[in-house]
């Protein structure tokens, strides 16, 4: 069984754009944590965000409440 | 694998109407956050809402508790 | 892909009865909100409840904890 | 599409026994609510519990944390 | 439709071992409850734990955060 | 039915690397618990983390919010 990213979905495509443009984002999580950084990759289960010290955090999609590009 | 929006569902159709009519809505989230704005698009995983400053927020459906058109 | 309401399930049928009889109900949500009103429609993802001012709220099923007919 | 109760599962069978024997139970919910009463029916999505005043509450399985027969 | 326990999974096998060896465990739940006892059975939806008074509690897997053998 | 780990996914592969390199990690959970230790194995439902006293904790994936290698 292989699950692939559904690259036709607007939400997946928008995240791909945020990755390519190295746009800083805020991720609000179910625990109320707010992570800030740049998304480096996504897969069907997770997204990976790097903070200002270039440290990675793997975030599970089921724990994401919303994503906001920093303006 | 492609998941498409089930456009026959009342909930999906109502959101399409809210998008088309640029109706302002409130989204209550599992974190108790209340977002206000206009929905711009939806896909099977997310809806995207724009606030009064025209800034987008991508909200995961699994984190939505309820949606209420502002009257 | 079409997902239809499983009208054979007791829970779905009971909600259909509540809709038809315009019975007032309480919906307890994962955020601890308690909504009161009459259910107008249901689909596989959501139920829609109208409050005393006849304002609709679309509630996601995943956020419902319990439903109680008001006695 | 029809989803039927998997009557071969121990958890489903135990609940069937609790229904048949009209055993009083406690249901702990994700909101920390604790409901007490007798289960009257179950389906793949919900269980229905009647309290001491014989009032029904339809509880979504996804909101159940644990079930405990009252001893 | 029949869902069977995937007995090839490490997590399922470890729980089978804990059952067979009557090992005391701690179950941390999404409500922050911490249950202590011995697991008696598991199925795809639930595990059943018996406390020191030999009283059963049926716990839904979706509500389990972690499991820890007591050392 | 057999569910296998999707070893092609970046998130699964990164965890495999963390296991092989015995890298210390932090796991943030939906209960706000923060577990620290080394991941020993993963399967489609769980990951198992060993703490400084070499005691195992089986963590359900649905309860994981994020994972962070300790730097």
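Letters A, B, C, D, E and F mark the chains as written, and numbering starts fresh at 1 in each.
Note that in this section a contact is a pair of C-beta atoms (placed from the backbone, for glycine too) under 8 Å apart; a residue touches a chain by one contact, two chains touch by 3 or more.
In this text, all values refer to a predicted model and were calculated from it rather than measured experimentally.
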{"item": "Contacts common to chain C and chain E (chain labels)", "value": "D"}
{"item": "From chain D, the most remote chain by mean C-alpha position", "value": "A"}
{"item": "Rotation angle superposing chain A onto its copy chain E by C-alpha atoms, nearest 5 degrees", "value": "120"}
{"item": "Cα-centroid distance, chain E relative to chain F, in whole angstrom", "value": "19"}
{"item": "Gap in Å, rounded to a whole number, between the CA centres of chain C and chain A", "value": "33"}
{"item": "Intercentroid distance (Cα basis), chain E paired with chain B, Å", "value": "38"}
{"item": "Residues of chain F engaged with two or more neighbouring chains", "value": "3, 30, 62"}
{"item": "Chain contact topology (line, ring, star, complete or other)", "value": "ring"}
{"item": "Chains in cyclic order, anchored at chain C, direction fixed by chain D", "value": "C, D, E, F, A, B"}
{"item": "Footprint of chain D on chain E - complex, ascending", "value": "1-3, 29-31, 33, 35, 41, 43-46, 48, 53, 55-60, 62-63"}
{"item": "Residues on chain E engaged by chain F in the complex (per definition of touch)", "value": "3-4, 6, 8-12, 14, 28, 30, 32, 61-62, 64-69, 71"}
